[in-house]
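Listed below are the structures to be examined.
Shared chain: chain A. Partners: chain B in the first complex, chain C in the second.
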Partner chain A sequence: MSDSINIEYTKIAEIKGPLMIVDGITQASFDELVEIETPDGEKRLGRVLEVGHGKAIVQVFEGTTGLAIVGTKAKFIGKTMQMPVSPEVLGRVFDGLGRPNDGLPEPIADKFLDVNGEPMNPEQREYPTSFIQTGVSVIDGMLTLVRGQKLPIFSGSGMPHNILAAQIARQASVVGTKEDFAVVFAAIGVQYSEAQYFKRSLEESGALRRSVLFLNLADDPAIERIITPRVALTVAEYLAFDLGMHVLAILTDMTNYSEALREISAAREEVPGRKGYPGYLYTDLANIYERAGRLKGKNGSVTQVPILSMPADDITHPIPDLTGYITEGQMVLGRDLFRKGIYPSVNVLMSLSRLMKDGIGEGKTRSDHSEVANQLYDAYSRSQEVRALAEIVGRAGLTGIDLKYLDTGDMFENNFLKQNLDENRSLEETLSRAWEILSALPESELTKIKDKHIKQYYRHQNQQQSTNVGVAAAVSSSNAT
Partner chain B sequence: MVAKGRIIWVSGPAVKADGMSTVKMYETVEVGDSKLVGEVIRLTGDTAFIQVYESTSGLRPGESVTGTGQPLSVLLGPGIIGKIYDGIQRPLGEIAQKSGSYIGRGVHTDPVDMKKKYHFQPLVRKSDSVGSGSVIGSVEETPLLNHSIMVPPDFKNGTIVDVISEGDYDIEQVVATLETSDGKIPLKMYHKWPVRKPRPYTERYDPTVPLITGQRVIDTYFPIAKGGTGAIPGGFGTGKTVTLHQIAKWADSKVVVYIGCGERGNEMTEVLVEFPHLIDPRSNRPLMERTVLVANTSNMPVAAREASIYTGVTLAEYYRDMGLDVVLVADSTSRWAEALREMSGRLEEMPAEEGYPSYLASRLAEFYERAGRVKALGSPNRTGSVTLVGAVSPSGADFTEPVTTHTIRFIKTFWALDTRLAYSRHYPSINWMNSYSGYLEDVSKWWKESVSSEWYDLRAYSYNLLQREDTLKEIVRLLGPESLPDEEKLILEVARMIKIGILQQNSFDKVDTYSSPEKQLKLVKLIVNYHKEAQKALKEGITLADIRTMPIIPSILKAKFEITDEDIAKLDQLDKQMHEQFEKIVNQGVKLIV
Partner chain C sequence: MDHLLVRHAEENNKLYEKTELISYLFGLYFILYLTPKVKIPFYRTFVVMSSIVTLEQTIDKVLSESQIEFVNKIDSAYNESLNNLESSRSNILQEYSKIINNAQKQSESIKRQIIGASKISARNKQLLLLESAVNNVFVKSKEKLYVLGKEKGYESMLYRTLEEGVSAIQTRDIIIECNKNDKNLITKIINDFIKKNINYKIAVSDGFFDFIGGIRVRSSDGLMSYDGTMDSKLERVKPIIRKNIAQILRGEE
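Our next item is the complex of A and B:
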């Protein structure tokens, strides 16, 4: 890119939606950053989406309200958008475009990084295999998170995705050397209270000074949201691959991001894909989610936990759908479990961690881990089928083994899934709870577990203290609110 | 003669340039000061519409565009196997040496090592007359692969006037000289071929030999033939990639081309990390020695995603021409279709269904048409095959969307992945009611001759049980299992055994990951025999509860991972024990009744 062209244009041809079309262009490049001055002298930022035939289409991050055909100035500054980075960014709060938001001066930059990043060379990736203990049974036991994974939370309105993400951030940072851990949090169009909850949670656990926050709140400019995850991930990559930290990046809420993208696409009159979202939504989201991972020869890692709310709890909606096609699994929160007051209300059957297989087992967690998880999935899935059947034919219409499965389902929800907001379970405890549930089934049902592990861990009914744990432990405490 | 023009417009991967009247359609061009690679996809007057294979960030009107005179081509010669390429055959390993952890722009590198020496063995002599496509020599590309050096298929027939003696040479070395009506032409160990042009062959044969993948639901229930086509559609997380990885690992082919088209970076890394350590059961060599990867991940430029499919299939055809069986898996063809859609949108073409261009169907047809079992051009006689398997990622897991519906028209094996099965952790989640294979009859002869004459009937018997269960499940859903007579309850029970003991296969278990055809057959036989015995026992008055709780059942269900291929005789023992246990309960039961 040629250096400092810095030509100022004043011929504005059109303003529509978030777009401004500048005329008489002689020098401008695709993706270039534009400094805009409104007739009132207010400064804004924009980016070139299309350039040619003497025109440039500029997307204005802060919106076009107050811009006019006459009196608006556009300066093309000859480079793409960049984020200044240095170790000083830790503990700081920025706005959705990466400008300080905490009243402190701009950190002194060690370098400037293009917020769009560059695609990691797959040949240079290090395959992620290190287990992250979150202390949450359902995650550690059945949806294991590994360093460098991208594992989103699919939520719905009103469900406790932020509480779960905050618990993960608090508890995951405890394990291992605390010093090389960092949290990058990007609020994308969320309410003030949600961002505040997260900040407080980091503060209380002492992790705030190892965190970087980017806040684009619900009343901040919508188009800015296109940039917020990008600046956040630029900083995350810097912390991980320049400074060697293990970074947990939480992006919430990607639905707001996608809506901003749709707004621009509509203004450009592009042929819409499903539900009006642009056909390139997949590629665009991939450019964000793929910025997670590990690299050969570098110490750090970027682990992403994006959060999105599924419109009308519909997992086939384009945003969760395309996200699921890109990320390495998903944690889906279930409305039914939430109504029952179970926290975390993770619907395990719809959830998945694709990198789990390489993060668990002998030498990493325990040799029976994957078989136990598989059997638990199987048992819970059967229990759900039986539950549905029982609603029609009643308990009397069920066979003996079906009844056992019915109880297993309840035990699973109450003794394994459910836990307190501040409860940090060890992996041993998680697996032990799992075996307790599996041991309530006859040994012959455990077809996914090798005989040697059954011998080692299966608890025969007489050695179990209470066979009726399902009911006993159904204590109602600490519901997510 | 080369076109030299100027950029007049940039929007994402699409660029317009004028002054391009001499450029050809589909010619590759160098775009801008940093010489990005692009391809001409439309010409209007002297304006060329170009899709750029690299990020266009920072590109500006006024920068130059230069034609190369060449269509988008790949280099074909020794050194391809074991590599990972991007969508236009740039080696990612070598690119990393130049641009580090991230993929830089405008990096140009040879697709293969031009300096590496191979031991060349001439297979023609001076004054031999050879036709186009004929083998003139061979080199060992990897310990697993003898690479035939062939006269390029677009050369005329001629006479060898000179051939080099056996020895170690790099691939730039002229190894023979061919005299044709056009004069003397030097032949090197490599040539180039345009990716959008299928490589010619002499004759096509029907695919009749199954591609053995070691995956029970595929080989036994929905087989694919060598040279055939298959599609595996499914919503996210249903197991497309895992299944394609399994095929790439265990299929009995000589060469595997794995195309990661718009998918995850880590999935490519996984192949790169795993395959060098996995040992091919037939040759005892690392799988990487027969594998080549084409990787254009979801965050890499979208235009190169479109090209990656053609790059991959051209590499596959090249090895096919050596007389080898090649499997190509493409994950995912939907991302390729989306790349088409995106370029079409930028061209402002009239969209057909869901914004896809009207030529989506014909492009899909052209791609799958490049599969086949063929007699290669020239001498000696060689039969090779390209088997094409494409993943399809329907939006919202809805199989009525355009990419799925059009793909179905051009493929013969259909493995329908089912989100509900995946949720219940039935993996691979191939739905046995919705899937089909058009090769079933064709490959049954092979099974009969190579494994057992019982295969066809056992398969049909067990599949019939699954079909009956499917109908019975409806009744159970309304009235509960107790409403069925014992005969039918037994069917539910045995269907469950087929599902757990045969259809479900854990790719991540050392033993379960691959089942030999013999093992597959014995497992099916075991459960079919169980059903026959259990039916008899019911007739003898034994209760279903007694049959259901026979201690042998868990052993039958776990045989898939507890019994290895080496210990396959244990399956016969298990069969024997089962018969004995039935005998026992029947005798006891009869005694009780008397």
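Our next item is the complex of A and C:
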């Protein structure tokens, strides 16, 4: 960083969109923090995007509205943007730039960390293998999240992705250990009501004291959105690698982030890429997503759940497309399921958790977990085919086994996928529901499950009927005890 | 037990009905036999008697069949009612456990909410108190720094700041801004500086500036300035020394 500590410039050459060009610069550095004072005395923050020929291009986070060429001062601070961190950040609410937003003072810092983060040494990375229980059947059972994974939610406008994210944040836990768990939530250009819902939901579940919220609302300056995920991940890294916590970082909505990036790119007159997004969108997104993981010799982990709303539900749009290349799978919310009133409306056939196989099974979850998940995929896929066929030939034209698959599909949607907003299912319950559905098929159809597991868990028709009585008896006896 | 008693009573009733029917038929025959207008020969009496026995057997058969049917019906109704009772018991148990679970969940959630909110509220109050104490320390420090300005090392510090400022803004036509108490001292320092650096044109601004101490070095065209005031230096180090002050206030050091 330069020695230009506290040098103030007043020669503003141009103000263009979110950018301000300062002239007569003698010392400035790339990414340097700039304090801007408007003619009215209002202070704003910015950062240097480009330096050269005595000029510096400064990106103004709070927008350039109200700035004038005459009377505006730009003070180059001599350091990059930093976030003060300490254990006190837990339970706090910040704005999109990391400034307190809860009426409390700035946290007394243990450290000041560069918001751009330290790139993780690939050699020091540890492969994620530990299961995180979210209490949501479809995620725990079929799209298992593991510590250190980056698993985005691909959604559409108006879909309940934030509700799902809030549920995951409330319920997420590391089963069987007493290790600390924390949630870092970055709202990027979300509506006020959504941000309030998230805050209230964490408060009500008592999870707020292990959470940190960064809120950039829809009416906040768009350029601030460039910084929001970075400050959030800086705090997440501190909690994980300095304090040894397991951190779940939820970033919503990355589409708004990408649009802010596009706005800056257009203002800088860069050559546009697909749909006007800059050519470096992939690199930029990777800079954010790759800040998830585990490090050798460190206890903590950063698990990322970025959420992005696909414009017009188009999965080939550049944002979900590029995100899919970087992340380790995706959860896709389906419009059809949403219209049917099914929550969470996760379209499992389009979703995948690439690291699931390493986080489940004997000693981690249950020995039959992987097979059950595969068989459910298979059964639901077949049921979808049968549904399509039934629309043409009618139910009467289906064979007996097709009808069973059709019922299995309905059971899957209503008994497994569908869940209440406050329903926190254990993995045992999730797998038990899965077996209930699979037991509706003949044993001979369960080709992806080992015989010993079928023997152990498959429920014959009479067993299925007595299950309810058995459950009730168990509950009554446990209550009596 | 009740069930057996009921069955026994039923059987008695049937036997009684059968006996009553036979005595009724005998009575009917006797009346016809004595009636003068209706003459029934003796051989016909024998025929009538034998058909009465057949009738009796048929009635017996019908009665025993209906009895079996009746008992079966009672048995199945009894079993059905037992099943109903059993299933409604399990339903009740399910409902009961649901209600209990929901109540437990709700109470857990309220408990968590209350504990979480009170912990956060207590922590926030502590933070506010600490911040106000830290700010008091800064106010007192500023007052002390204002007095310290008159001490020995201050002059050499101002000279160093002037050198830094001149070097930073890279121009030879310079204006220095300072508070009114420091004006004489600054003039002396500028003279010393110009003796060593002859190509510079440095003037002291006539404006009123409310600094604790230090100087602001500005290019004469006003396009660039270097802030070397004690206020700005204090602001710069404030976030760093806040932690130390807080530790002292908390009694950690």
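Here, the second predicted complex is superposed on the first by the 448 of 481 C-alpha atoms of A that agree within 3 Å, B and C clash if a C-alpha of one lies under 4 Å from a C-alpha of the other, contacts with A are read in each partner's own complex, and residues count from 1 in each chain.
We take it that contacts are C-beta pairs under 8 Å (C-beta built on N, C-alpha and C of every residue); 3 or more make two chains touch, one makes a residue touch a chain.
A quick note: this is a predicted structure, and the numbers were derived from the prediction, not measured.
K.L.:
In the overlaid three-chain picture, which partner chain does A:321 touch, first (chain B) or second (chain C), both, or neither?
P.N.:
A:321 sits against chain B, while chain C stays out of touch.
K.L.:
Considering only touches as defined above, state whether A:88 meets chain B (first), chain C (second), both or neither.
P.N.:
In the superposition, A:88 contacts chain C only.
K.L.:
Between chain B and chain C, whom does A:355 touch in the aligned arrangement: first, second, both, or neither?
P.N.:
Only chain B is touched by A:355; chain C is not.
K.L.:
Between chain B (first) and chain C (second), which, if any, makes contact with A:272: first, second, both or neither?
P.N.:
A:272 sits against chain B, while chain C stays out of touch.
K.L.:
Of the two partners chain B and chain C, indicate the one touching more residues belonging to chain A.
P.N.:
With both complexes superposed on chain A, more residues of chain A are touched by B.
K.L.:
Which partner does A:27 contact after superposing on A: first (chain B), second (chain C), both, neither?
P.N.:
In the superposed model, A:27 contacts both chain B and chain C.
K.L.:
Look at A:106 in the shared chain and tell me whether it touches chain B only, chain C only, both, or neither; answer first, second, both or neither.
P.N.:
Touch status of A:106: second partner only.
K.L.:
When the two structures are overlaid on chain A, which partner does A:200 contact: first (chain B), second (chain C), both, or neither?
P.N.:
neither
K.L.:
Looking at A:43, would you say it contacts chain B, chain C, both, or neither? Reply first, second, both or neither.
P.N.:
A:43 sits against neither chain B nor chain C.
K.L.:
Name the residues of chain A shared by its contacts with chain B and its contacts with chain C.
P.N.:
Residues common to the chain A contacts of chain C and of chain B are 27, listed in rising order.
K.L.:
Under the stated contact criterion, what part of chain A meets chain C in this complex?
P.N.:
Touch list, chain A to chain C: 3-11, 24, 26-27, 75, 84, 86, 88, 91, 102, 104-106, 108-110, 112, 203-209, 422, 468-469, 471-473, 475-476, 479.
K.L.:
Of all residues in chain B, which touch chain A in the complex?
P.N.:
Chain B reaches chain A through residues 7-12, 16, 55-62, 84, 92-93, 95-96, 99-104, 235-237, 260, 262, 264-266, 268-270, 272-273, 295, 297-300, 302, 335, 338, 341-342, 345, 351, 354-355, 393, 395-398, 423-425, 476-483, 500, 506, 508, 549, 551, 553-554, 557-558, 561-562.
K.L.:
Write out the stretch or stretches of chain A touching chain B in their complex.
P.N.:
For this pair, the touching residues of chain A are 1-2, 25, 27-32, 49-53, 79-80, 114, 116-128, 148, 241, 270-274, 279-280, 282-283, 286-287, 290-291, 293, 295-298, 316-318, 321-322, 324-326, 328-330, 349-350, 352, 354-355, 357, 370, 374, 377-378, 381-382, 385, 389, 392-393, 397-399, 402, 443-444, 446-448, 450-451.
K.L.:
Which chain C residues qualify as touching chain A in the complex?
P.N.:
Residues 86-87, 90-91, 93-94, 96-97, 100, 105, 109, 112-113, 115-117, 119-120, 123-124, 127-128, 130-131, 134, 168-170, 222-228, 232, 236, 239-240, 242-243, 246 of chain C touch chain A in their complex.
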